[in-house]
Amino acid sequence: MTQSVLTADTLRDWIRKAADVLSENRAYLTDLDSPIGDADHGNNMQRGFNAASAALPPGEDPAAVAKAVAMALISKVGGAAGPLYGTYFLALAKRFEGAAPLDIDALASALEEAVAAVKKRGKAETGMKTMIDALDPAAVACRMEATQGGTVSLAVQAAAKAAEAGASATVPMLAQRGRASYLGDRSKGHQDPGATSSAMILRALADVVAGR
Amino acid sequence: MTQSVLTADTLRDWIRKAADVLSENRAYLTDLDSPIGDADHGNNMQRGFNAASAALPPGEDPAAVAKAVAMALISKVGGAAGPLYGTYFLALAKRFEGAAPLDIDALASALEEAVAAVKKRGKAETGMKTMIDALDPAAVACRMEATQGGTVSLAVQAAAKAAEAGASATVPMLAQRGRASYLGDRSKGHQDPGATSSAMILRALADVVAGR
Amino acid sequence: MKKLINNAEDVTVEQLHGFGLAHEDIEVHSDPTFVSAVDGAQDRVAVISGGGSGHEPLHGGFVGLGMLDAACPGQVFTSPTPDQMVAAGKRVAGDRGLLQIVKNYTGDVLNFQMAADMLREDGIEVRNIVIDDDVALKDSLYTAGRRGLGTTLIAEKVCGAAAREGYDLDRLAALCRKVNIFGKSMGMALTSCTTPQNGKPSFDLPEGEMEIGIGIHGEPGVARTKIKSADAVTEILANHILEDEAYTRALPEWDRAQQDWVDVEVKDITFQSGDQVIAIVNGMGGTPLSELYTVYAKLAEVAGRHGVKIIRNLVGNYITSLEMAGMSITLVKTDEEILRLYDAPVNTPALRWGC
Amino acid sequence: MKKLINNAEDVTVEQLHGFGLAHEDIEVHSDPTFVSAVDGAQDRVAVISGGGSGHEPLHGGFVGLGMLDAACPGQVFTSPTPDQMVAAGKRVAGDRGLLQIVKNYTGDVLNFQMAADMLREDGIEVRNIVIDDDVALKDSLYTAGRRGLGTTLIAEKVCGAAAREGYDLDRLAALCRKVNIFGKSMGMALTSCTTPQNGKPSFDLPEGEMEIGIGIHGEPGVARTKIKSADAVTEILANHILEDEAYTRALPEWDRAQQDWVDVEVKDITFQSGDQVIAIVNGMGGTPLSELYTVYAKLAEVAGRHGVKIIRNLVGNYITSLEMAGMSITLVKTDEEILRLYDAPVNTPALRWGC
């Protein structure tokens, strides 16, 4: 049976899992960042999530975990991804605060508010070929499960799948934010590294919740 | 019939011919100067002999021609080859002075004195893998023809042949002067660019005298 | 990859260690990383900057008397993190506040904003001024906007001198904004470059081709063309700069009244006949100095044709992309104030005159 | 070949044109080619130098107040011709004579000798002092002798300052000789370089290999090895320099009594514990400045281990081989005289302090 609430333990496992996956995909993410960026996204994400893993606090409070992750990302990633992922986890932490147990509704709201915070911070919308294009559909999918009375487990599966589809959908897009936007039309035909790492992070959550 | 004395006209033809040959072999001489030098010998020689060609004075005086060549080489070649070839032609000019008609004995003395001047200027001896290894045997061969009562025509043929053999003989030598000497043992197995250009210059003289 | 390094993961640390040893007037701090001038800025406004590493001498090479008080280097080609600027700001700033000069890259802008927010909580008054002078990019609504290039260097020089003259924070921020709208740049690359972490070139640039309109992070430019002569390349860049129309965009600044970041509309100058400018012909790191002078000669000619006179110049490697071959051109219009401050004494590892 | 040039046959001319435009205090002359400081040296001894082009900023970048009065650039990697030095000498020298600082390459030595002979005929007293500081080469009898590397730069700085102090020609020549025997250098290359005329690299240096003991003309070094870490490479070079035994050789100097060139026996120092030195970590042109600081850190450590203290340093591209990646290290022992003259004001395109 999968859980129907998220615990601080699950969050810790999530971040550790994400760190592993991002490390394994360091070269891949950096390669994605070569033709349309500055070839560092994998390095940044590996460094950041390793630091986040190392900074995970003990205890039962999901908000404290998310906040520690945010602070580690902010102080270790740098680049555009650092503050943006930091903002994402800060927003999660804010929503998690006092929301125990963390059920599917709280999760859906958290993902929605987190993506909204990232949009505001980066002045970006969906369709601009950024991490938003993975994070936004993930939040939408999670909310849909919540509305249909689904479980946290189903919700995070749906979110991961939506994020992956969203990342793939960035390929033909014209970049309008981040470094890729400097390339104009030449940005088309490449998958956005940030959307890809977002999909990996959400897939890590789904896997952890599914006990994988 | 070939000539038995050298005239100012022959000297002018010589320099023009040498300029052509060195231009044709620019890349080859520079390539020889790559593994054991600084990859400019062909460029230097082409520049110098083109300038010498352009500076050839009219008139009947072989010394004046040789002197003009020397001055052009000194002011246009640079590098090691410039002053050394300049010295060579200055010494020729000195010997040519008042030596009209320029017969085989005068020519033999001129080549001997020219190579001696280059040795002194560059503190080099035969066997050190330099232009001396072509210029020296050429002078010796010319002197031998003179001793045997040969013609200027035979003498310059013999000189060219000896210079070519001398240039080939530099291949196994350990360089002891010029840039190649910095390489120590690694200088072995390469033909010296300066010896090669010397052989070309003397071959040009032989060809011109032979009416080729 | 052919580099004089020991540990690819740690290059900036080992490089900064040597930098500190070589320059007695500069302190290198770690955890978090920043460099600062040994003399603080207690009695005047402090000026700091920072950005990814790999652009040396920018920014550390411009720390010292009459220029930056501190610089925060990130990982290679990666913006520094806010904790670096917070530590640097606390170290060098006194009661008169802190100016952060920020190049317009999403990462730099966001990290310096977060740093400003944190410093403000610590009671330090901070202004961030964003430099976005890269005329290769035309649009700001549908892109991340123009990048910060060589005008950054002039802003650091001029603002450093002004801080020494006693400008207060508002006046200094206004000056920095002016330098930004007075300056325009554009760059090109003949080769890519290799970050130590990646070990292979950031992009492919075959023999015979070049990139026009590059930034400084080893990223491709806005267009790829056949290699042209130095004169032709210079004509393209110089004309883009000299004929660039006034560019209007919104740049984020801290609004003290609203206590929030607001978008301030900023409008560039267009160069006019009669303008006097500071010119930079900047090498990207792998182009011989001698070649930059060929570019300078043509630049002076093209500027002259537009009635624009170069009255000061810097020719050399100032804002680099590791060992990339290529160059960028910057022109900054001067007025009496900018010229006086530019000419003021400066003593940093990479720029020195008047003392 | 990827270069910012127009005409491969004429690069030095077009580059010098830009150099002259960029630096108002320097005049560029053609037919024959040389650059000179606008202020002459009528009331003091003049100091000139020169060598092949492709080593920029050497030598032209060191023309100006307190350093060289003129520099004679040859074709790329080819010694200049005597007519250049003759014209330069006549332009800048007054009654007090002329010092020519010559790097020990056969071509440079011979061309500067010829120039000295011609200038002497024109009534100008000339001394040539040869710099041969490259410890990579051990032998002088069976080779062209040690090459001139970074000590040249210190000789130019120190002698330029001494000329300004009013040293006469003999004293200046003696000082230059002292700097030469106080200085030792060694270099290495990670890549080859391409002269504009040839359009392809001067030699092959595959991925994973480097050359140790190179000169500055894109020629291979004395040995080829696998690429090592920056620390390991620095250890090799620094130890060679610091442990190099006193080197005795004959260098050609003009003998006024004999009115001829004579071979003067010259003997180097060996570094001793307690020595205080000027250090140069010199980039070959294509190595990022940041990497040179890693080398500097290790150099300071190795020197310290030998009891040798670095009291001044230059880290940057000073004597280059076009876009070659690599570096050379120079240590020059100081005494009160050398240090005073090194610290004296200098204002040239590539070196400036104290004014």
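Labels for the chains are A, B, C and D, by order of writing; each one numbers its residues from 1.
The rule is short, and it goes like this: a residue touches a chain if its C-beta (ideal position, glycine included) is under 8 Å from a C-beta of that chain, and two chains touch if they have at least 3 such contacts.
Since the structure is predicted, the reported quantities are computational estimates derived from the model, not experimental observations.
**Q** Moving only between chains that touch, what is the shortest number of steps from chain B to chain C?
**A** Graph distance in the chain contact network comes out at 2.
**Q** So which chain is farthest from chain C, going by the mean of the CA atoms in each chain?
**A** Centroid comparison gives B as the farthest chain from chain C.
**Q** Counting in whole Å, what is the centre-to-centre distance of chain A and chain C, each centre being its mean C-alpha position?
**A** 32
**Q** Express in whole angstrom the distance between the two chain centres, defined as the mean CA positions of chain A and chain D.
**A** 56
**Q** So which stretches of chain B touch two or more other chains?
**A** Residue numbers touching two or more other chains: none in chain B.
**Q** Considering chain C alone, which of its residues make contact with at least two other chains?
**A** Counting only residues that touch two or more other chains, chain C contributes none.
**Q** Which of line, ring, star, complete or other matches the graph of chains that touch?
**A** Line.
**Q** By the document's touch rule, what are all the touching chain pairs in this structure?
**A** According to the stated criterion, the contacting chain pairs are A-C, B-D, C-D.
**Q** Write out the stretch or stretches of chain C touching chain D in their complex.
**A** 1-6, 11-12, 14-19, 21-22, 53-54, 56-57, 61, 190-191, 207, 210, 227, 229-231, 233, 285-298, 300, 313, 315, 317, 320, 322-323, 325-327, 347, 352-355
**Q** In their complex, what parts of chain B are in touch with chain D?
**A** Going by the criterion above, the answer is residues 30, 34-35, 37-40, 43-44, 47, 74-84, 86, 121-122, 174-179, 181-184, 186.
**Q** Taking the complex as given, what residues does chain D use to touch chain B?
**A** 32, 52, 74-83, 105-107, 110-111, 113-114, 136-137, 142-144, 147, 195, 197-198, 202-203, 213, 215, 217-222
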